[in-house]
Structures are given as structure tokens and as C-alpha cells.
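Some notes on the structure that comes next.
Should a chain be cited, it is by its letter among A, B, C and D, assigned in written order, with residues numbered from 1 in that chain.
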Amino acid sequence: MKLFEFEAKEIIRNYGFSIPESILIKKGDDVEKKIKDSGIEPPLAVKSQVLVAGRGKAGGIKLVKTIEEAIETTKALFETPIKGIKPSYILIEKAIPHEKELYVGLVIDRNDRRPLVLASQYGGIDIEEIARTKPESIIRYPIDPFVGLRSYEARLIGKRIGVVGKALGSFERFLLTLYKAFIEYDAELAESNPLAYLDDRVLPLDLRITIDDNSLYRHKDFAKTEKERLGENTEYEIKGHELGLAFVELDGDVGILGNGAGLTMTTMDLVYGFGGKPANFLDMGGGADAEHVKRCVSFLLQYPKAKKIFINMFGGITRADEVAKGIIMALNETGIKKPVVIRLTGTNEEEGRKILEEAGIEVFNDPIEAAKVVVSR
Amino acid sequence: MKLFEFEAKEIIRNYGFSIPESILIKKGDDVEKKIKDSGIEPPLAVKSQVLVAGRGKAGGIKLVKTIEEAIETTKALFETPIKGIKPSYILIEKAIPHEKELYVGLVIDRNDRRPLVLASQYGGIDIEEIARTKPESIIRYPIDPFVGLRSYEARLIGKRIGVVGKALGSFERFLLTLYKAFIEYDAELAESNPLAYLDDRVLPLDLRITIDDNSLYRHKDFAKTEKERLGENTEYEIKGHELGLAFVELDGDVGILGNGAGLTMTTMDLVYGFGGKPANFLDMGGGADAEHVKRCVSFLLQYPKAKKIFINMFGGITRADEVAKGIIMALNETGIKKPVVIRLTGTNEEEGRKILEEAGIEVFNDPIEAAKVVVSR
Amino acid sequence: MTILVDEKTRVIVQGITGNEGSFHTKRMLEYGTKIVAGVTPGKGGTKIFDIPVYDTVDEAKREHPEADTSIIFVPARFATDAVYEAIDSGLKLVVVITEHIPIHDSIKFITYARSRGTTIIGPNCPGIISPGKSKIGIMPGNVFLQGNVGIASRSGTLTYEISNVLSKNGIGQSTVIGVGGDPVIGISFTEVMKLYENDPQTKALVLIGEIGGDAEERAAKMVEEKAFTKPVVAFVAGKTAPVGKRMGHAGAIITMGSGSYKDKVETLRSVGIKVAETPFEIPKLVKEVLK
Amino acid sequence: MTILVDEKTRVIVQGITGNEGSFHTKRMLEYGTKIVAGVTPGKGGTKIFDIPVYDTVDEAKREHPEADTSIIFVPARFATDAVYEAIDSGLKLVVVITEHIPIHDSIKFITYARSRGTTIIGPNCPGIISPGKSKIGIMPGNVFLQGNVGIASRSGTLTYEISNVLSKNGIGQSTVIGVGGDPVIGISFTEVMKLYENDPQTKALVLIGEIGGDAEERAAKMVEEKAFTKPVVAFVAGKTAPVGKRMGHAGAIITMGSGSYKDKVETLRSVGIKVAETPFEIPKLVKEVLK
């Protein structure tokens, strides 16, 4: 789960790292009153709180020199979609003049199985772009997860990207604070880009933290912004999320349902291979019962982009008879008629096939054949 | 630094381990009003908050059956010295009927250099006594300081001291909570003795936490009770503490000042060996300057138990001339006359000797000879 | 020979009395897996399918010192603790079926396992099977056939699909490992490949990849550097997956300018690995490389 | 030969520009200790006593790869970090002079040092000296004399006192180690004894103990089990110290029914170790055992 910039900054402020004064405006607030009451003084940065990358280039950050301009810009930004998304929050910060911008981030290194600090003297552009254009500038520093990041290591990393003097102590404190957030919030990613490098300190101009979804049960503080966060998804992705489904919206017209992520992706690939276009990714998961299958199938029946539906199921933990029952229930309950092509094999295949065929639904054993059929319909 | 029982219990309550309802009465409170207003219902345990061991046997814990009795007992306990100390706080807790009492504690194993869980099915008596009478009952379970105590280990320990059923889950939670306190409060010791073993849970009837003095800069929450805590020391120990001196009061009449703990203890031993009795232990530490030496010597001059003073100093980091200067300053500033015997050797010995001899003070080179002289005076 | 598990493997099932644990214990027993004990805290002293249940792995291991492997069906919130318990009891192989374990927990227990010499498969994996010898996982046993092709897969169901089509074409498997769908897993493709390289029974390798991460690229590098010398056939799921969206698995997401289908396939082909367009092409390609 | 340090030892001083650090660096140099670099964050690029100062141990070690030992004068709040830095830079011996380091920090860096093969002396110790060869500590160099008696001590000043009286009686020392006054220390009496046992130059051992803990009892056990076979003379400070009071050092406290003077002396004598009543008896006893 991606945190909003203002949430991420609140975390490091609570950890005692001092960052510029700011105010948060929520959609529906009296913008004028809130800005004036805050006593904040220009110059200011007015920042649209959206979770998409490249916000700056897309016009989501404006520098203003007067309070009047700040009010105007805030109102305008609420109405400005950034990559299709209108913000629910605007963050207004004291603008800090600076010349140099650094990059610093923490990720999990999949191969090393440990936290990895990434740092570069070139901030303000995507780390991928830095990696492409100035790979030698990127410091990669692995951290022992049991020992944690030590102060001396934070200093060492700062030195290696050219931070010197008083600012080095500030960089050290910032990186230790970021690491603390990374660990305590079970983050997959915690990065500041750009990190302003001033004479005597560093300042995170932007700050992004992504919490590992599997650990959300340990971090319930962000429930209040869940609705706004979901605003980043499409209408049907939000509905899917609310139903607890692993659903991703795509641009085609073939509704896809599989059991297991690999098989579901392969099903998409097969459809695509025969000239069809998947309308979505939907994985029913392992061990789905009839009730859960019904939920998935009903969802696709109601999902307007899916003009036809391809269900590809290889029984293992999941039983074919449960899937068959779920499909019948969904068709009956919704009453929606769409072409549905079903491939069923594996555990309890015979029972499943029987249930479907008795209801007059054709069942394939070979997924290639089924894919061809669904594309042709 | 030893925490009071009520402070230790507050910690684990804040960590979410549920313990019986209680109220804390401070000396000077309106006892009657406070107890009646609290709404707490008998039976109650009224517990004198003193830091000495063996409080129960010494009459510091009383069980009462009515509110009136609680009020009376509380008032009485405030006036009852426990091993010489009158309490500043009384803790009144709901009394929980129970049959079995366990012991569980966490210490640092000096030899293994790691936290060690000690647990026994026999609680309510000193762990030293358990160790003497039922050594086989004590479970010793070392913890990797980087990995920490795991839930399964807490359960394993509980099982080994005979905890079963629902109470085992409670024991697991309690021990994990105690370990958390042990780590987060940099404790040398965290123990519950007795830990009541009820049908469905365990409850710490007593709880003791001792914080490592070296880590107190990380734990400033206990400053408010510092004065009451010091009440456990003698008047001069409190004064010494306030001056930042490593001072321990003893029963003899020879004031002792050395540099280094080992040498200072050995100085005490020498005095004792020649029939004298040390009035104190006072270590000026390493690298003391004249100012600090003056503080130490002045303190002993004003300390009434010390009828004479023995200063034993082996110069290493500490310079003999600084020590000599400090002694002269103390004698001049206090104007107090007591027999002072000085042994001075090591770094800058000659300069030191000269300073003292010019002031008419005899200086010994041989500590044995000096010890004999101080005892004879 | 096979890798990691065979007919001599003796298994403890952690979480044996739960829904999933008991269901799959039954199926593993039916397959012939030697399960010697089960563990569920609070259920010690009972039996299930005639297998003794203990409160702790420590006790299970004491009563059954021959146990060398554990399979974990414990729910995510308690699974991390169960893994430490298995490692501390000295088991050599721990198969973590549980999904949704926080990644910071995984990196720690995997690091810890390595320091103790324990191999972790998973988390969020279907397990491991050496057909005809031992099945320690949740895969349907009937789709596998004993033989000489090793399989390493990031996917679950897709592995069954591919094993099934291989078996139907008469191509048996030495060992099939589902390494798991999480971004961080105990045993990686390259580590599995080291084992297959040294296994005389294994004559070829089928690698079932997915978008996201760089496991496939690392496998290719190993082939390039001749650290793996047996023929390899690969398949990568997610050809048509969009960028930046998580496709079910936490691990299957194209991010940070890496992990795309195209890059993976190109890298694999560049070192001479045959890449199948669909799972159903795999038997033909395997037959070719085994010729 | 001596143990742990000799004329080949090359030293980095951490905290070299501080009060204590610079004072003792000067005295170590005067003694002949080979100090190759100093470290103080923020002072990199400067020099002190002609010794180059670096911001990090990493840089110092890169410029002076021959460095194998560090001595730490960093204040307690930063000392833990300095120890990790020394260990991570691959130094083999780290002498921690700093006192007042929290014990939970010490147990962790000592555990970590062991896993990396680094020996820690201290914290809260006077250091180590092999007379005539190298002094890495804060002891006054002039009280030591090169010879064949090894010393291990829990005390600081008392060690100088005893070394002084030995030297004056013509009894020289191979190596003198102050293991430190904290309850938890990097190298213990028994670990030092293992080294002395294998050092041909060392013919006898003087053990300077204190009340508190069980270091003396463990030393006695080692003698009893013949894991240490050279003659031992011991002294224990704190004969007249009261129970339950901390005597200066955090380690010197009689608690939990253990650590008393009487118990220690009895245990030492029971295995044939000569225990001196005062430090000034030690030369006589050493002469006896060396006869």
C-alpha cells in the first residue's frame, strides 16, 4: 500500500526529523480560510497528493510566491487530474531554496534477501533513469536485517554520494530515520527523491513509502485514508478490492478467471496469442469453494468490459466440482447472459464436468482449444 | 536503577498485558478520599512501595477485606519502615485468589553475553533460595540478542515449568511482554515473583525491573520518582549521588578515597587487614582533575562517619600533581581538620609529593605503611 | 537420485490439525510421504490419521529424531514463529506453504535459516515433490510421473499444468519444486539449479518463470557462465500483463524498469535456453533438448 | 611471543582527536606502539602527531590495509557504533576503553564480533600491553617490565599497582590485559587463559579478580579441568565490600547469592591456586610458583 506524501512525511516528523512547516488541505475544506489561518508564509510549494509517479512533470507541483496565488493554485489543483486522477488532498509546504538534489531510498533486495540502501548524487529524476544514464553514481549498500543500519554506515553512504560537513550529520540522521520507518512500517520501499542538499542539512522534498500489503494487519493507522487511496484505482478495481478479489482491469473484452496467478496470466497470454484481448486479470486463488467462485464469476458477469468470459481451472487444492457449482450459482443468481467458455481439469474433474453439462454448459479439457473458442465467439 | 513495583506494572500494562485494577497513593494524599473515590472493591492487597528485597516477610504487604481496613492499613504502612525505609507510595491492588505461584525472570548472562530466561514452578520465594533448595526446578533458557525471544520459546518455557491449557497462552504473552520491557528499557533484571498461576491465565503479583544505569540517558521517564527512589539510600549516599560521586556508606571510621574501583576496594581491604574499619567506599575514577579531587576530599572531610581519611592514589591517567592540588584546595576551602594519610605514586609523583610536602602534609609511597599509619591514628 | 527430498525424507507437519494442514496431510500420506509427527500448540497428545500430534516441534523432534523436514500450514501471523521453531529444532528442510507472510519477517527467517544450515522452500509455495518417492506440498500427486526432468517454478497451478502435459507426453520428472510466489523466497532458481546440476538423475531442466524480479535473468547468467550445464527449457508467464500492477502474487509485478516479459525471454534466449510460447509447447522442446 | 599484540600490531585510534584519545595516542606513540591512523567523523584529512585522521574506519583501513587493531576512545553514546565500524572493517582486535556503554549494546556487539572473528577487549577497560613491544591502552607504560608472567585483570589501577610491584621485584610480564570492569566483556578470564596456555613466553599467570560475577570461579574450573596447566597466583579485590552495593564498577557487585570474596577465594584455593591476601604478597607467591 502506497502512503500519500503527507502521511510519509508525518511519520518521519514524528520520529523527530525536522522538515519544513506545511499544511494539509482536504477536498471540501475552506481553502482560503485554512491557508490564511495557518499563518504559513510564502514562498510555498503546492503539491497534489496523488500516488502516481512523475507527478511533478505532470503538473502536480506548483511553486507560488503569494498567499493569494497559493489559494488559487490549490483550488485549481483540486480540479486538475494528474494522469487521470484528481487529488483528495493538497499539501502546501514552505518552499526551501536549494541547489543540489540527491536520491536516497530503501528497498528489499530479492536476491540478497536483505534491505538495500540505494543512493545517488543525482536526485530529482527517476531512479530507473539514473540507473540507465548514470549507473556508476548509484551506491548500493546492503543491510544485515538483524543488525540494522548503523550510524557509521549512514555517514559512509552520505560521503560516497558527496555529502560533506554539517550536512553529513543531517544526512546520517535522515537515513537512520528513513530506515526506522522502513522497518517499523514494514515497507517495501521508502525513498526520498529529491532529497535537497543544503549547506548545513538535507531535506526530503518528496517522500514515498510503500507498505507491504501482507503486513497491513500491523499498521492500521492508514484506514482513514483508504478511500482516497483507492481513488487511484478504477471503479471496478475498487469494487474488486472491496470484495477481496485479486482483480486487475485491462483494456480488452475477454473476461479472465483462473486459479493461481501463473495460470491466470498464462490464460491471458493464450487468449492474446489467438488474437483476443483480455478485459482483466482475476485469480480465484488456491482452494476456492463454490461460494468464492460464485463471487468471482458474478463479478465478471457484471463487469461491462468483459463481453465474454473464459474460466480456466486446473484442479489441485481447488476442486473442479466446487468450481462448477460456483459457476452455476453465479449464472442463476445474476441472470446475466454472456458467452462463458470453461476449461476444467484436475481434482474432481468428472464431478465438475457432470454438474456443468447437466446445466447445458460445454466444458473443455484442453485450454488451447478453449482459448480458440472464446476468441472466436 | 530499580523501578518501583507500580512503575514496572505500568510498563507492562501499557504494553497491553492486562493486570488487576489498582490505585496508587502518594504520601500526603488524602488516603480516605482517594480510596473511596476510586471505586475499587475488596478484597485488596495493600503494598508498601519500597525497593528492598523481602518486603512481604518484613510486613510490607497486607491483605484487607474492607475499604475501611484498606484505609487504615494504608495509613499504617506509610508509617511502617521496611528494613529501615518508610515508603513514599502505597499500591492498592485487587487481591486475586490463587493457589499456585511461579517464578519467571530475565537477566543478562555475563558468561554467555546474552539475555537469559530463568523460570521455576516454585515462585514466591527468592530465586537464590530456589536455586539452593530446588536447583533442578530452574529452567535456564538463553536468548539470541539479535533474534529475540520467539513466541514458541515462551510457550516451551511455560510448558517446562508445568503451565498447561489456556494459561499457557497467557504465560506466553506475559513472557513476551516482560522480554519487550527488558529490551526496550535496557533492563539488567526484569522478574515477576510470584507470578500467580490461575486456571486460565497468569498474573504478576510482584514485578521488578532494574534499568542499567549506563542506559538511563535513553529512559528519562523516571526522573519524577528519582527523589523517592533515592530515599532507599542513606543521607550521605544521596548527597554523593547528587555530586555524581561513586560513594558507598560503610560502618567504620576510616574515610577511603582511591582512584579506580579495584584499588579503592583493595585500600578498604588493607585498612581492614590492619584492624581498621572503612567508613565508606569512594572512587575518584580515572583521569580526575584537581577540581574533582577537591570535591571528593571535601565530601569526606564533611562526612561525619569518617574520623580520619586515607587517600590511596596510583597515578596512571590520573596525575599525582592534580590530586595533590585537589587535596590542598579541599583542606583550605572546608577548613575542616581531620587526620589525612596520603599515599601517592605513579604519573607526576614527584610534583605531587612536592605540593603536599610544601603544605606540610606527609606523603607515603608504600600503601602498606600508609594503611598501618592511618589505622594507628 | 533426486534433490532435497526422497523416500528417506521424514516429515513433521506444523499446523497439522488446521483445515489445510489436515487436508493435505491426508493427501501426502496417500501419496506415500513419510510423515512422522504433527505439531499444533495446545493439541499435544492427540492423534490425527494415526500420526502423533505435539505442542512443539522440540517435543516432536525429541520423540522422532529421524525427522529432517517440516512443512508449515500455520496461518500467516503465526507462521514466522513456526519457521524459527523448525530451524531451532535442527530440521534441514522447511517447506513454507503459508502465503501473506510479511516480507520483513521472511528476510529475517531466511537469513537466520542460512546461518543455521537450514534450507527454506517458500513461503507462498506449492512445495516439492520427487515423483514416486515423496510429496511435501499441496500439488495434486496424480499429474506427476517419475523421470529425469527437473522442474523449478515460481508458479503453483501452472506447475501442475506443465507437469501434467509433460507426464501425458511420457516425460517424467526427477523433482519438481515450486519456489514460491513472494518477492523474497528461501531457495531461488539458481540455488535449485546448483542442486540439479549435481543430481545424476536429472538430465534436463524446465524453468517456469513469471514477470517481476530477476530470477530468470540470474538463471540465464548461470547458464552463460556454465555453472549450469544441462539443457534448459523455459516458460515465462505474464506476456500480456501491464506494467506496475500486481498480478495476484506479490512477486509478479513489473517495476523499477525490470522484470518485463520481453527482457526475460530475450535474456533467456541469448544464452541458448529454449523458451516456450505456451506451456503446451514444452514437451516438444524438452524432447528436442534431450535428443 | 606474547598474546594478542606485539611489535607487529598496527593500530587505528577511534576518537583520536578527543581529549582522552589524543592524550593517550601521544603516550602510546611514546611507548613505541605502531599507530597508523586515527578516525574522527568530520575531522578527515587532518593530522595529529603526524598521524593521518580519517572520517571513517573504512577509509583508514583502505589507506592502511596493514591495520589490524583498533582502540576506541569514543564517548559512550557513540562507542557502540564505533565498535561495529571496527568489526565491519575486518579488524581482528578492538580495545574498547570507553566506560558507561549500555549493557544491551555490549552483548550485541560482542555477539556480532564473535560471528565475524573479531576479538573485543573491554568495554570499560585499561587495554592491553605486551611490555617492550606494544601498548594499546591507557596504562602508565613505565610500571611494566618485559618478562614471562601473564596478567589478566578485571581492574585498572590495581593492575598498575601489581605490575609495578612485580617489576620492582624483577618479575617481568609477557602480556598484561585489563579485561574490563563491566558485567559483560568481550574477552573473559578463561578466554585469555586459553591464549596464555598456548603462549610459550608465558610461564605463570597472575589473575586479578574482584567481587561480583563468576569469572574467578570459571578460571578455577579451567585449572581444575587441566585446560590451563601453568601456575596461577590470584588476588581478589573487595574482601570487605558489602552485599548488594555497586563498588564503582558495574561489574563489582555481590548479588543473586554469588560473587562473594569468600566463595571466590575458597574456590580458587580448592584447585591449588595461590591467593594473595594483599597485592604486595604477589611477587613472593609468583617466585614460589616459578621455582
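We take it that contacts are C-beta pairs under 8 Å (C-beta built on N, C-alpha and C of every residue); 3 or more make two chains touch, one makes a residue touch a chain.
Here the structure is a predicted model, which means the values were calculated and not measured.
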Smallest count of steps, each to a touching chain, taking chain B to chain C: 1
Distance from the mean Cα position of chain C to that of chain A, given in whole angstrom: 27
Chain A and chain D, separation of their C-alpha mean positions in angstrom: 55
Mean-CA-position distance for chain B and chain A (Å): 53
In chain C, residues with contacts to at least two other chains: 112
Residues of chain B whose C-beta touches two or more other chains: 146-147
Arrangement of touching chains [line / ring / star / complete / other]: other
Interchain contacts (touch definition) - all pairs: A-B, A-C, A-D, B-C, B-D
Touch list for chain A against partner chain D, complex: 147, 150-153, 155-156, 159, 165, 168-169
Residues of chain D touching chain A in the complex: 41-42, 55-58, 78, 81-82, 84-85, 88, 112
Chain C-touching residues of chain A, taken from the complex the two chains share: 107-108, 110-111, 113-115, 127-128, 131-132, 144-146, 183, 186, 188, 212-215, 217-218, 246, 248, 250, 258-266, 268-270, 272-273, 278, 281, 283, 285-287, 314-317, 345-347, 367-368
Contact footprint of chain B on chain D as seen in their complex: 20, 23-24, 76-77, 100-108, 110-112, 126, 138-140, 143, 153-161, 164, 181, 183-184, 188, 208, 210-211, 213-215, 218, 237-242, 245-252, 256-257, 277-280
Footprint of chain A on chain B - complex, ascending: 146-147
